[in-house]
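Note sheet for the following structure.
Order as written gives the chain letters A, B, C and D; numbering starts at 1 within each chain.
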Amino acid sequence: MEYLSLNLLIFSPLIIAILFFLPIFNTKEVFIRRFTKTFMGVHFVYALCFWIFYNPDVNFFDELFLFGQSGVQSLGIRSAFAIDGLSLVMVTLTSFLFFMSAISSKTIIRHRQKLYYGLLLLLETSVLGVFTSSDIFIFFCFWELELIPMYFLISLWGSGRAQKSAMKFLLYTFFGSLFLLLGILLLSYYSDTLNFQMSSLFADINVVDKLPINIQILISILLMIGFFVKLPIIPLHTWLPNAHCDAPAPISILLAGLLLKMGAYGFIRFNILLLPDAFKILAPFLIVFAVINIIHAGLCAYNQDDIKKIIAYSSISNMGIVLLGLCTNNEEGVTGGIVHMVSHGLICAGLFMIVGIIYNRTKTRDIKAISGLGTVMPNLMGFTVMFSFAAIGVPLLIGFVGEFLTFWGAFSVQYDSYIFLPTVIIFAIFVLVISAAYMFKFVHRIFFGSIDNSWAILKDLTAHEFIVLSSILSVIVFFGINPMSLIDVINPIVEVIVESAGI
Amino acid sequence: MNSAEILTSVIFYLCSAVIILSALLTILSKRIMYSLIFAIIVFFAVGFIFMLLNAEYNAIIQFAVYGVAIPILIAFALMFTSYKTDKSIYLAFSARLILTLISAILFVLTLFNILLISSSVVDWLFTSQSSLILNKYEMFNSISNGLYIKSFFALELIAFLVFVIIVGFSSLTLFKGKRNG
Amino acid sequence: MEIFIQNIGLTVLFPLWCSVLIFLGNFLSILKSKKIILSLTLLSTTFGLITSLFTFFNAMVTENFVLENTFKFLSVNNFILELGTYIDLTSSFMLLIIFTVTLAVQIYSYSYMYNDASFSRFFALMNFFTFSMSALVLSPNLFQIYICWELVGVSSYLLISFWFHKNAASNAGKKAFVMNRIGDMCLLAGIILSSIIIYNYSGQTDFADIPFSSIDKIAAYLFTYTSEPIFIIICVLLILGSIAKSAQFPLHTWLPDAMEGPTPVSALIHSATMVAAGVFLIARLFPIYYQSSFVMNFIVIIGIISALIGAFCAITCRDIKRILAYSTSSQLGIMFIALGSGALTASMLYLATHAFIKSMLFLCAGLIMSLYLGKTDIDNFGGLKKHMSLIAYIFLIGAFSLSGILFSGFASKSLVFHHLFETHSYYIILSLLVISFMTAFYIFRMYFLVFEGNSHTSDNKKYSHVMVVPILFLCVITLLLGFFLPKMSTLKYELIPVTTELVAILLAYLFYVKFVNMLPKLPILYNLSYNKLYIDNFYDFITQKLYLGICKTANFIDDYIFDGTVFVTVFLTKLNAWLNSKFQTGSVQSYISYSFAILALVLTGFCLVYSLVAYFAEV
Amino acid sequence: MANLVFNITLFHYLILALILFTIGLLGVILSKNIIKALISAEFLISAVNINFVAFAFFVDSAKLTGFIFSIFTIAIGAVELAIAFAIFYLLFKEKKTVNINDYKELKG
């Protein structure tokens, strides 16, 4: 474990990105594409080594002093990166999805590939930074850094009203991170150093107990607004459908797969672990929010004409399940929430990949215009059916594990002061039927039924797309069959969460 | 109230009446030449006010600068312009007129009020002028030494500034505009 | 023999392995030949059949024989969920039925689907279904039953919409899956509620996934420690799960539409195995339901309603496969009645006989259809007796036993009647008589319309004899099974139902053979029964109009209220910018006057405030 | 009240300066002719001078800073007027009008 340097993992994409931005070999586009793919593959293998050599008791901790050894004591900024159960899972998921999107962007990204791959690598560094940074200030820096490449990726290579939705995405997230910054400043003010060590929560002693409760609630509400913009919760979610349907396929894989998880990850790190007392008080209201989110997004998904919007709303509904899981105060619910985070990442990546392929071939996203592609593209149909089963939560696939545990945890939650809660939670179970409804409407409208001649000439999957889809599907099936490998890694962090936030 | 007090008060009221009247006339008169003449009257009257306050030095400078130099300058300006008779202020933008008049009244009332309020705070506001007669000779010599010794540096700076600006801007006027109209 | 019983798990995994092999083979186009595919599937099913035979005889011999081996699938500290196999009498009995019917159907479907384009996909899905069905039957706890419940639903969905290019088939598949999904949702809710009560309150944390080995303890615990309404809610939720799967009253409309799938599918899944899963689940959870009379009555009522509706709609149905589908849902209603009135063994035996009879009838219907290029409408058949007399006689045997007059059908139905007469539940007997009257009527109506009467088409096409072998195999079973069943009922109890059925047959003979078009179309009853009591249109209304309406409002809220706030902020900023530009007039003097006005205002404000404060301070 | 009329105090001078200042301000804002505006600008400066001298006389007649300062402001006033006329001359060469409303280019 010692010789695996964490900084190499995080900053190697940045170095390559800088290399790409220099005007050296800017003619050989093919070379750049192949180089990025191999690099991403190596990076993914390197991340897997972390997973293999991970032993729960020692948190892999790495110091990188940005401003000299002592760090800027007065300002207290000291860059430190750490990995524990949760961030390990997220890091491997990130590098896996980046590897997949790099492979899949061969057919979809045609122009200005050098800039594209540079931005992609920059995005990878910032997302990895978010998941591993143990210092609040660094967490916020990477949180903001990730917006820049994402904005350009959506607006330069997007389709339809790309600039407009990229701008909406940017402004929305800025609005959120405004509150986030306010919360962080308040937090560091009360704990008198800016480098308020999140690593303290890796060592699971919460340092904030001396904060008076009303300030804790104020800070946690501010932080929540920031995170709930990213983890789209009902009032703040309208950026997601636009950003998704205008982003190119590989980017919407990353957007759905990772950026939503950053919201959930931050929510766990800050709201649950750093401010547990406030979380105990706010949890019942969050459950109500989560259930509304699940049902509302599910209903909206059924009514969309744009196939990407259907998947976008389905990801909002799934993130509602994640929030529901996290807010239950027992181990099963929290494990379910985290497992569902990973499963949603994988499933949404696959679904967006499929929708990207359909758009790439038929050039329209309107669900009424496309029908009966199954006869022309049997392989793609097979993959879509499997992915929609995973999205619905059919057993022996990872979707089921997360959902079952979350519902189990949610049903057995006891906030004694709120008797109305069980009746609200009962509604969450309807997501099984609602998700089946919109997912099958999507699959049947596009693949089944008779084909009209304009689509008869379409080709089936290419080698690249097949590799991406089959590898994502194999991971889904692997974790579906033996979820224990995932749950063992997550278990230590779940204990910390339940012990600190449990009633 | 001895005769000196009455004399100074009469002069004061006379001068202030002249100032206010001619100031009003300068801004109300139709022809620009009339407004120039009334302006000169105002400047001279202000000079007398300085005399009243035993600031003879200032009065002299006032008479010299405002009384003579500036009207000549304005006369030159009027020479260049064809000083067609222009309409007086009544044709000004009516809404702006109302607005400024209201704000002017408000302005005067409030400052008057402030002065009244401040009188309760400050004692020297109502000490009469006659009780403070300065010795004339001492006044003149102290102003000159104050001017040339205490604030000598400021005087040099002002002089240099005046010189640079006058030369610069007069050369500016010789400059043929590249594009006309 | 022991080795078979030990590795029963192999029989479950063998079909799964076959289906994966066939899928990959088909995809990588190495396994192309149909012979190998068939041999693979037949190998796995025969292996399963042999093991199930041995286990069944073993179970019959030894007193309450139980064998369970499980492995830990999912555990969050001490909340452990296991998967594995659990064999006792009922599960081995069900396993035997499943594998026999599957063997027959697979042999039949080889020739039936021979010239179909996606032959290998069909067999892969059939294997997958065998895997999930046998896993369901052998599941040791309620958690695994739920997993296999959904897998069975998935495989039935894939098989129903097998010819996905046909719109009708794909919609039928979607409808079937969504309805099963509703059932799964209720089942999941029931399972979670009961497992929470057991896990959190009862102290035995290892019973979290409700293992069947200790079902009695759990039942006793659930009944004593939960208040009456909660117990009823849990039981109703669990029953709703089996209602959806066995196409009972509220969720039965998917079964007739499921006939869009290929006939072997209907023969295997929608007549014998999958629909029987609901009855199997109730049998498994019988100790829990048995404790509250309300729940038992609930099951009986559901059984009666769905049986009546099934029979009522079958009478006037024009499509031969749909007649059999309605008859399946009504026969299952009878099983529910038997279960509800406490006759566990009678209902299981009834299930066995019905499975064989119905799959045989489906295979005959499939044979008929294959001769007439898949046309299923009853009008273009007639007088086929002359062409295929063997099939006609087999169908006749099936009809007699289905209506409960002869052979195995009679034996199992008399068992049910015997139990009902014992328990003196006369209103159930009355409804059962009406149902069996209607069953006899519609099954013989179908027989007379298809086989008797003047034949429409003269060209006597020949059907391949391979397809007849499984039908004969099933026919032999239906003939002999009657003798193996325990003979308990006295003559008196059998006489009444048999006479009603004979009267029904006479009536059917009169209307459909002697005076052919004499049948008076009763004004209301006919079109009520013809368009299936308008339940279908009611459900369509709910899905197309109501649900879409709700979704539209949700979307409206989403677009106009959440997006609206964003739009309003944008509009406000634009308005503000426009207003400011109005002030930039360019005239210096207006600028000075504005600033002067503001200065004056500020001063007045200051004075007012100051004087007010001074005034109040004094006072 | 009588001694107030005949007994000139600092108050009177301030009121006089105030009125002169206001008239000058009105002239600047309302006059159509640029030159008239500039002239009334001069009134502002003279009003301020009156204040300076009055305060110097009544309050700190010893240090005479008020007087010295008013001398400087008179000088600055003259310079400022010179600049104004130079700029006005250049503008006048462009537009040939004296009317202040024609010079509207400096706009946001």
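Side notes on the structure shown:
Definition applied: contacts are C-beta pairs under 8 Å (C-beta built on N, C-alpha and C of every residue); 3 or more make two chains touch, one makes a residue touch a chain.
All figures in this text were calculated on a predicted structure; none of them were measured in a lab.
Geometrically, the chain at the heart of the complex, using CA-atom means, is A.
Comparing the chain pairs C-D and A-C, the larger number of C-beta pairs in contact belongs to A-C. Chain centres here are Cα averages; for chain C and chain D they lie 98 Å apart. A separation of 69 Å divides the Cα centre of chain A from that of chain D. Mean C-alpha position of chain A lies 36 Å from that of chain C.
Spacing of chain A relative to chain B, judged by their CA centroids, is 74 angstrom. Under the contact definition stated at the top, not a single residue of chain A touches 2 or more other chains. Across the assembly, chain C contributes residues 587, 589, 593, 596 that each touch 2 or more other chains. For chain D, residues that reach two or more other chains under the stated contact definition are 25, 29-30, 101. Shown are all chain pairs that touch, namely A-C, B-C, B-D, C-D. On the chain B side of its complex with chain C, the touching residues are 93, 96, 99-100, 102-104, 106-107, 109-111, 113-114, 117. Across the complex, chain C meets chain A through its residues 27, 72-77, 79, 146-148, 150-151, 154, 158, 161, 164-167, 170-171, 173-174, 177-178, 181-182, 184-185, 188-189, 192-193, 195-196, 199-200, 547-548, 550-552, 554-555, 557-558, 562-563, 566. Chain C meets chain D in the complex at residues 581, 584-589, 592-593, 596.
Only residues 25, 28-30, 37, 100-101, 103-108 of chain D touch chain C when the two sit together in their complex.
The touching residues of chain C, when paired with chain B in their complex, are 587, 589-590, 593, 596-597, 599-601, 603-604, 606-607, 610-611.
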